[in-house]
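Two complexes are shown next, each including chain A; its partner changes from chain B in the first to chain C in the second.
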Partner chain A sequence: AAAGLCPCRALLGGRRGALRALVRPARGLAAAKETHFGFQTVSEEEKGEKVYQVFENVAKKYDIMNDSMSLGIHRVWKDVLVHKMNPSPGTLLLDVAGGTGDIAFRFINYVRSIRERQLQQKLKHHQNLSWQEIADSYQKEAVKPLGDSQVVVCDINKEMLKVGRQKAQHLGYSEGLSWVVGNAEELPFDDDKFDVYTIAFGIRNVTHIDMALQEAYRVLKPGGRFLCLEFSQVTNPLLSRLYDLYSFQIIPVLGEIIAGDWKSYQYLVESIRRFPPQEEFKAMIEDAGFLKVDYQNLTSGIVAIHSGFKL
Partner chain B sequence: LRCQLYRPQRAFHASAVLRRVSDEHKKEPSASSTQQFDSHPTDHQPEEEPQGPRPSYTGQGGQESEDYESEEQLQHRILTAALEFVPEHGWTAEAIAEGAKTLGLSVAAAGMFHNDGSELILHFVSQCNTKLSELLEQEQKLVQLGETEKKTTEQFLRDALEARLRMLIPYIEKWPQALSILLLPHNIPSSLSLLTSMIDDIWHYAGDQSTDFNWYTRRAVLTGIYNTTELVMMQDSSPDFEETWRFLENRVADAMNMGNTAKQVQSTGEALVQGLMGAAVTVSNAETSKALR
Partner chain C sequence: HPGAGGSRSPGPRALSAGAVRPRHAGRRAAAEDGAAEEQEGCCQLYPGHIPTSPLQKALLAAGSAAMALYDPYRHDMVAVLGETTGCLVLPNLRDKMKHDPEGYRILRERPRIRLSTLDVNRLRGLPDGTLGREYTRFLEDNKVSPDTRMPAKFVDDEELAYVIQRYREVHDLMHTLLGMPTNMLGEVVVKWFEAIQTGLPMCVLGAAFGPVRLNARKLRVLTTELIPWAIQSGRNANCILNIYYERRWEQTVESLREEIGIFSPP
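Take a look at the complex of A and B:
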């Protein structure tokens, strides 16, 4: 399914980074622009590589760490995201930075249950069907359990995609799912392709957030929806103190114990602090051309869902 | 603070969907009279919603922005398109998604609205009310021009309510669902204001010019008649809803009689009071004359 969508521009972030490491000493002219990597200041090129390494290291323990850091609440956040999306059968979803597939699997479950309900309603209306006709319609439904819905999981990091594919096999998801390597700043897809674009806990790792937003605008169909689930600013001051304490004292320790990687989780909590607050991010989304932009705070602002439409 | 008029990047995004208003004028001449949910219609049906868009949404200031429709207008278009799918899907987000598809939009555009279909129903009710006002306006013009006779109040009310209720007929199967959604707490303010403004409209065209307590009683009575008739219509299976119209006739007649009865009670009361006064005067005269003797 993915082949039909991308005009073959799969970009491999890792390889690019390695190439650049060779080229860099030879250049020495242009002072690379600087950006933040957690609380450090690094050049923009470096940030891409460092982020890649972070996720390469944590890929295998990503899900376990999510559960322990957020005490399992991340599952609720992701459920809320998919419920808010309320996808109907036939929706084409692009999940960027979708790595281990959490959003994609939830999408598939949701669409499947909607489809079942639709089928039941249809049968209810045709009370005088023969047994043969009922059996036929169930068979038809078995052939198209998702009703033409599809999800493309795109991630810059091959390790994360690998973990995601294994999970899909393990949990039994086979239909309507594609895995594509790609950079959020330069998506390997045509214009006006997708109904919904989601990026869950990924956009703060992108070096040029505005480029990612513009790409999102480009690949969405007219009327399409942009949804972003991301850590944000806590509104309640008391909770904010507790949250800071928890983030800086406990999470890196958990990282060391469970994943054997203190630094990656230090980066994680720092990058959360560096991400713009709700209103500012909303303005950035509007700048990319989206309309009816709005956000919803979850857990008092620890996490926020931003939504915009391409109109 | 962002100056919303100057967004150079927006210029590149010639909106994929928001049409130029000039196109809209060609296709929908009646769009101009769409009511807002919380407006009170007056005699001249002023447009609550500007036909031109607000510049802050659609791009740089100046000529460009004034030509494009606003997001609200696009939403109205989607909802109108969605009405066609209501008999099949009910008043749901699915109907809205199908409506969006017919306009060439992605099904995800239905995410702009509430998941329970409230906006679709409110839009429909608002549209019906507007149609009713136009109907009554036209009738009034005909009467003024002398082409038709002026109806009695009773006949007028009956016809107005019947016309309004007939607009529900294409959606009658799913209307009970709509009624229950309109009663949800977050919808009550809007649905109530739409109802009251419609009743107000009807009384206005019926020629009601009261400025006393009658204004309230008249509206309360007519609201009661409308609501009960609507409920009767929900479970009426007679051909062309004959039973409902007969029920309506009886209720309106009752209301008229109630007015007469009230007058009778009043005049009886007055007579009674006068009688008592007369008796009191007679008694006091008798006392006085006794005292004098």
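Take a look at the complex of A and C:
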């Protein structure tokens, strides 16, 4: 019965909502600054707290929910991000909002395989040396499986970092990995430090996206690269409707069944709708000072990878 | 079916479709916000209520049933199953309560069984054999608390949400009256009794599928002694939701059993 009533109420609600939107700015001058939390309106301070709670609640089931909701496709998206990054050994990566470590682990795997190939090439060149000379060369330099590459995983949420550290231990990642608690709007790092800055599925949860972009610009070295993997606007209208149907009907149900948490996943699908579309986000990145900003749509725009350089 | 889930997106999107994208996100957000807020406001009938479309209810019912079987410790899944499948049966239960003087009083006064409202020390001090004493003994022996009951989320009627909440809170008292512990065997027996009493599909499913996880010896005891007794008692007894338990702590369990019509446990 409630479902049947809703469309009519929504029509009326639209008009009332518009009136409320006119009234709200006047009220807002006296009250704290407001922002969105999914489809709700909250104060900026509240948003930070609510987002923290969401990720605190979902941390343990985060990975399994990602697999269920995206049918495993999120792994492909993250692989594409790291391939696009194409890091060489010696790269220093900062992965912000990197909680459970998905990007960090892929980075390490990628660099490790490049390094292995490098070492193999070197061996081939050494084939004409004598046994003694080859043995000496081993002692001269340590093998360094990562080749001095490092990744710093920074996240505001301690629970997510905890899950990430446990995962790292479980999967056998130890060197080249650091876990730091930090806020994307105010990073605990010095200027001009990192070669690459990534933020995967994190920036839409930040209260002040422009501040996060400015911080990204600050901590990158000159010549450094900014990469953002985030949900975006679907270009195809038919797919868009299917995607909306799937997002609003299925995903909260999955959240309730698998994680026992409807509201967090309701927030998730709503926050995706609130995030600026590709071109608008590109403009925001340019505003922060990045150059050669571009984006690549994946899966018809369900996600997009934005890239920019500090030059 | 363009119900609750569908009305959230097409409306706001229709308003913003075709408009210039940059700088429009703010207006689009406000319009969406208005429509969604209105919808949340009108459809949220009680605190904790999550409005759901028929499709979502069906998916929840199927998913919660599967998850409850897979992981019996997910009590929240049993609760969700009860809410999503109970829509046909709950009105009957509510009417049964309305037609009974004590049940009608419960519906009006809406008592809740919670540690904050119960005076546990006083109940513990009551003589052995009374409802209050046996109930507290049951809570202590099985290390359970009445506060762990999930509030109703997916029932689309405020009074029916209370009915199912009352059923959940009375469940522990059922254990006490039937003398069944909270192990798998005891729970199955109580489910059989409740299935006969309430007709809730969740109880029927629990009664039917619960025994799957029992070993052969327990199954034998279950089928030969416990289930027949549970069915007979269930049929004979008055509606268990019509008893104002909070006013009967001093009554002995025996006399309460006789009054309701539950036979002595084997």
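Here are some notes:
By definition in this document, the second predicted complex is superposed on the first by the 267 of 311 C-alpha atoms of A that agree within 3 Å, B and C clash if a C-alpha of one lies under 4 Å from a C-alpha of the other, contacts with A are read in each partner's own complex, and residues count from 1 in each chain.
In this section, a contact is a pair of C-beta atoms (placed from the backbone, for glycine too) under 8 Å apart; a residue touches a chain by one contact, two chains touch by 3 or more.
Since the model is a prediction, treat every value here as computed from it, not as a measurement.
In the superposition on chain A, A:G224 contacts chain B only, with no contact to chain C. After superposition on the shared chain, chain A has more residues touched by C, the comparison being chain B against chain C. In the superposition on chain A, contact of A:R273 is made with chain C only, not with chain B.
By the touch criterion defined above, A:D195 reaches chain B but does not reach chain C. In the superposed pair of complexes, A:A283 makes contact with chain B and with chain C alike. When both complexes are overlaid on chain A, the residue A:R165 reaches neither chain B nor chain C. In the superposition on chain A, A:Q40 makes contact with chain C only, while chain B stays out of contact range.
Common to the chain B and chain C contact sets on chain A are residues 283. Across the complex, chain A is touched by residues 2, 7, 9-10, 12-13, 15-18, 57, 71, 74, 93-94, 97, 100, 103-112, 115 of chain B.
By the touch criterion given at the top, residues 84-88, 90-91, 192, 195-196, 217, 220-225, 283, 286-289, 291-292, 307, 309-311 of chain A touch chain B in their complex.
Put simply, chain A touches chain C in their complex at residues 1-7, 9-14, 16-18, 20-21, 24, 36, 39-41, 244-245, 248-250, 252-254, 256-258, 260, 262-263, 270, 273-274, 276-277, 279-280, 283. For chain C in complex with chain A, the residues that touch the partner chain are 1-9, 11-13, 15, 21-22, 25, 29-40, 42-43, 45, 50-56, 59-60, 63-64, 66-67, 74, 76-77, 80, 153, 156.
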